[in-house]
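Two complexes follow with subunit A in common, the first pairing it with subunit B and the second with subunit C.
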Partner chain A sequence: MTDIVLDAADLTAAPVARDRVLGRLWRHRSGRVGLVLLAVYLIVAVFGPLMVLWSPSSDVAYQNLFQALKGPSAQHLLGTDQLGRDEMVRLILGARYTLLIGVGAVALGLVVGVPLGAVSGFYRGWIDLVVQRIVDIVLAFPNFLLALALVAVLGPGLRNVIIAVSLASFPRFVRLVRASVLSVRERPFAEAARAVGVSRAGVLWRYVVPNCMAPVFVQVPLEVGSAILTAAGLGFLGLGVQQPTPEWGAMLGQAQNYIFSQSYLVTFPGLCILGAILAFNLLGDGLRDVFDPRVRAVVRRPKRQAT
Partner chain B sequence: MSPLLEIRNLRTYFRTTAGVYRAADGVDLSLDPGRTLCLVGESGSGKSVTALSVMRLVGVGGSIEPGSKILFGGRNLACASEAEMLKIRGHEIAMIFQEPSTSLDPVYTVGYQIAEAVRAQAKPGQKVTRKAALQRAAELMRLVGIAEPQQRACDYPHQMSGGMLQRVMIAIALAGNPRLLIADEPTTALDATIQAQILELLKELQVKFGMAILMITHNFGVVAEMADDVAVMYAGRVVERGSAASVFTAPQHPYTQALLRSVPVLGMTIEDLHAIPGSVPSPLGWPAGCRFAPRCQHAFERCRLEQPPLTAAGTQESACWLTIRSLDKAREVQH
Partner chain C sequence: MLVYVGKRLLIAVPTLLGVATVSFLLMRLIPGDPAQVMLGPTATAQEIARFRVQLGLDKPLWYQYVHYLGVLAQGNLGSSATTGRPVIDEIAARAPYTIELAVFALLLAVLVGCGLGLAAALRRDSLTDMALSGFSVAGVSMPVYWLGLLLVLVFAVKLRLLPAAGAATPQSFILPVVTLSLFTMGFISRQTRSALIEVLDQDFIRNLRAKGLRRRSVIGRHALRNASLPILTVIGLQFSQMIGGAVLTETVFAWPGLGQLLVNSINARDYVTVQGITFVLAVTVVMVNIVIDILYAYLDPRIRYD
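Take a look at the complex of A and B:
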């Protein structure tokens, strides 16, 4: 109820885009930082290869040992790595892999997790039992260990990393969706839909599931952040995307021998990973507040009028 | 005229850890095409369960016991398959509920939800385009008395008032052009003036579409307004049924009489208002014999031993040994 009152006050304070999620996110402090940071990463990921066409290092297989391990200079802003490749060019090229793994793994986790959770919570019975035991088993393993084992079995490579990382995230979606479905399916509109002739499956997919998506939207960016971290860890151990592909985690792993002599080689990939995870986590925080009416009331508090 | 809906000995039981919950336990009803039957009774008397049984939506743990008959248009719905029920729900029998604000999906616009019902009710093989469905939705909204249907169709449920939402629910129910509309306390959640409007609308639509209405209520004002026929339920059974006029003017069953005496009328003092002593027995164990006997002032020996059947008494039917005894006496006098 307080929310409605504040809404009314808010009408005069900020009439622009009050009802759009994106607009509300923009007015949320950490949400805005997350959005901007993510936009930068996206631009670099999409246009990265075009930005670095001038450099011979844009060919990932390029080597120039005469230029190896040179510190930052006017010619190589972030220095060169052990094979003489421009570090900045490689970081720019690497953005797409990190985002692809993060988003891809979570998308796969969603595609598997949401339907499983929905079916499990809606039909209950033996389906629920089987799905929940599978989820329990997967959750019993530490995330990273599971991904590690899976890559060891499937072999390294971009696709396998995505599969391995998604396996770690899907059980959380199953749990989240199941919990929401359990409460939404008892709401009267689900029964009302049945009374006008919608089948059980129709009620689940068209009425119940759409009402369960808000917490999932909040969870997605947080999951992307953790997927990026897991993927970078795999890359660091040499089990992720293989050389010479410039994946940040792999670059970090390659550079570990030079950590004391050429510390910039570990600093910048590390910062890139940090920034990416930070972007998604801030976005997740913002989304959580935007979707939560109690927190929203605080966020939307109108500015005190000068009297 | 053969009845549109005839319920015979409907027993719907819920098996719980506490025991078998006999919510409906031998319900007998009949409803003719185009007429309105009001199902009256206290909370827990099995009214809603009877309605949900007709829709076959009794929910988890509930089952319609073998031997129950729900005859609708020549079919026995009590043993129809789920596939058959999908064809009946919405197409031939539609239902509206007590709380319109929670019976609509909050994430879609009302127009979309009506259109969805229109599409769901399209005859098999006949594909209704999204646009045509929205068009029809606007028509239906106009039909249920919503002004500016094109604009209101874009509203979400939380943007509408309770009365408007109930109109939307009715529009959804009308999408399939049903022969029977079940209304489970459709006006309980609305305020008095809106109540009257909704009842008026239902009567108007009933004439226009020629549908029968099974209305569940515990409000005698609604009964007086709407009913052609009345069935009074007590403890999972129908204790009296007949035309509204005869049940109102000459109630036969002591429960009906007591119920009518407990209706407050303007100008009455509290002393005039009669409460029925005792409380409704638990569906986990109905009393033997007549279920109203423990609370009945006129109960005698036979009432506590044997369950009375529905017996014709005047123009209505009543399930009471008292009625049966006086009828028997009258017959003896004649001989």
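Take a look at the complex of A and C:
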């Protein structure tokens, strides 16, 4: 199977000092929008529960059927859902679940994918063959389909959603790191480390892997976006995070039943999901351009080669 | 070329075997007794015992695995736990709907996506480029299920122009096809833009212009052809993405395809059907990728002689 990963050789060739990344990102048009959007989501995710303490709906088990399906009003800015819970409060509470799933799934994918890719690309031989076949097999399954099948058999819930989403996506990290390791292991500093007597494992983990992380770093926001998309899709089908947890995908799935009468219930959870994915995608676009020496229109080349 | 095709098909054999293994393992991941889980709490011990024999769960694991592969090789995916009909028949009845949906959506995505990418690349860094790039990034960030619901809201609920669900009339194709294609459209447009920009920056393009070739033929005959390889790669990858999207799109529009069958089977705990559909869809993705690789080799002779 063919795969597009970022051109590893190009990214590792021109390291960018870490403290400059943020500044460069800020000067990048879509990078800046992504940063701002992400900051908003992070604030809501962290402080959300404190923001809505005033509302009875901040208790996820709260129900008030007398207030069910009321349209937006001064009291409930975005209306109430089928159980009479304030829609805006639930959306605010939902931010942390979405970010937790996205970041958690990618973190798990990194923990599994980076070592596998590094070992595969560094030692080559039979281990490479085995790992690459496994990756081929997992990638043969459409990403969403595999996550769906896994959740179907493992059962729904936050933990299983994170596991399912990360299992479906770790092969991309394996590919990315392997491609990167293949080019970095041939670079003079890696050979020099070998020459002065560093063990093979030492060369790999202390010298090669740290220099392979730039393309991974660039890919991470895009993967978080994709994980959020998948997880919310599972929630939409009723197989992700379960009620009464205010997960946006699940809220949208419930709202589908009221599309003819309470269209606001469909509009806002979707908007929240879209915004979160957009934030990570824009950030990813920005990071890619910041790290890519070929893009000069937006970001100037570093004056000195930082290490 | 034939040698390449043969080689490519051979490489696919272990992958297909692996796909079958994963499908087999899927059923073993169910916590507890699969027969019990599938039949539900109302089943009697006798019914469960009979179902265990039917599923082969009374045999050792290695025997189950070999048996599964043997039966699979004959094109038998087992019988549905709910209807008792062969899973392969259920799939055959639903597949045409999903294929139609996916093919139309892919066509729309390729045509419009390439067009938008081309327009953006030719007017690089202009306002048009910014608007088109914004559209593309919104496209790849848009949850397909939400887009579907929004389109239903606007075109079926408010304007009453198009049907909200089902696959009865030609008009009912419009919303699902547009819904499914947007993500891929955005992806292809982004890839076309960056591939073209990279090609247009190269020396041979400047030389062609310098020798007096018209802009139209420089782009049509030379730039586009050189940019077609990365675009083709993306189309191959997107096919897999589209299958996942189809599951969600079919749920939104009550489209009677494989995705709907899959979701219904999951909800009915009919894991035999879930296993069958997952296997068939994965095999389809492997096959499509083989075709793409062969096309690739046809377009780029360097790959054939590698």
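The rule is short, and it goes like this: the second predicted complex is superposed on the first by the 276 of 307 C-alpha atoms of A that agree within 3 Å, B and C clash if a C-alpha of one lies under 4 Å from a C-alpha of the other, contacts with A are read in each partner's own complex, and residues count from 1 in each chain.
The rule is short, and it goes like this: contacts are C-beta pairs under 8 Å (C-beta built on N, C-alpha and C of every residue); 3 or more make two chains touch, one makes a residue touch a chain.
Keep in mind the model is a prediction, meaning the values are calculated, not measured.
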{"item": "When subunit B and subunit C are modelled together on subunit A, clash or fit", "value": "fit"}
{"item": "Partner chain(s) touched by A:Ala152 [first = subunit B, second = subunit C, both, neither]", "value": "second"}
{"item": "Partner contacting more residues of subunit A (subunit B vs subunit C)", "value": "C"}
{"item": "Touched partner set for A:Ala193, first subunit B, second subunit C, both or neither", "value": "first"}
{"item": "Which of subunit B and subunit C A:Pro210 touches, first, second, both or neither", "value": "first"}
{"item": "Touched partner set for A:Gly125, first subunit B, second subunit C, both or neither", "value": "neither"}
{"item": "Which superposed partner A:Phe141 touches (first subunit B, second subunit C, both, neither)", "value": "second"}
{"item": "Minimal inter-chain CA distance - subunit C and subunit B, angstrom", "value": "15"}
{"item": "Touching both subunit C and subunit B, counted on subunit A across the two superposed complexes", "value": "none"}
{"item": "Residue numbers on subunit C that touch subunit A, as the complex places them", "value": "14-15, 18-19, 21-22, 26-27, 29-31, 125, 137-138, 140-146, 149-150, 152-153, 157, 191, 198, 230, 233-234, 236-237, 240-241, 243-245, 247-248, 251-252, 262-263, 266-267, 271, 274, 278, 281-283, 285-286, 289, 292-293, 296"}
{"item": "Touching residues on subunit A, where the partner in the complex is subunit B", "value": "187-189, 191-199, 202, 206-207, 210-211"}
{"item": "Contacting residues of subunit B [partner subunit A, same complex]", "value": "55, 57, 86-91, 94-95, 97, 99, 102-108, 116-117, 120-121, 169, 172-173, 175-176"}
{"item": "In the complex, subunit A residues that touch subunit C", "value": "1-4, 30, 133-134, 136-146, 148-150, 152-155, 225, 229-230, 232-233, 236-239, 249, 252-253, 255-256, 259-260, 263, 266-267, 269-270, 273-274, 277-278, 281-282, 285, 294, 297"}
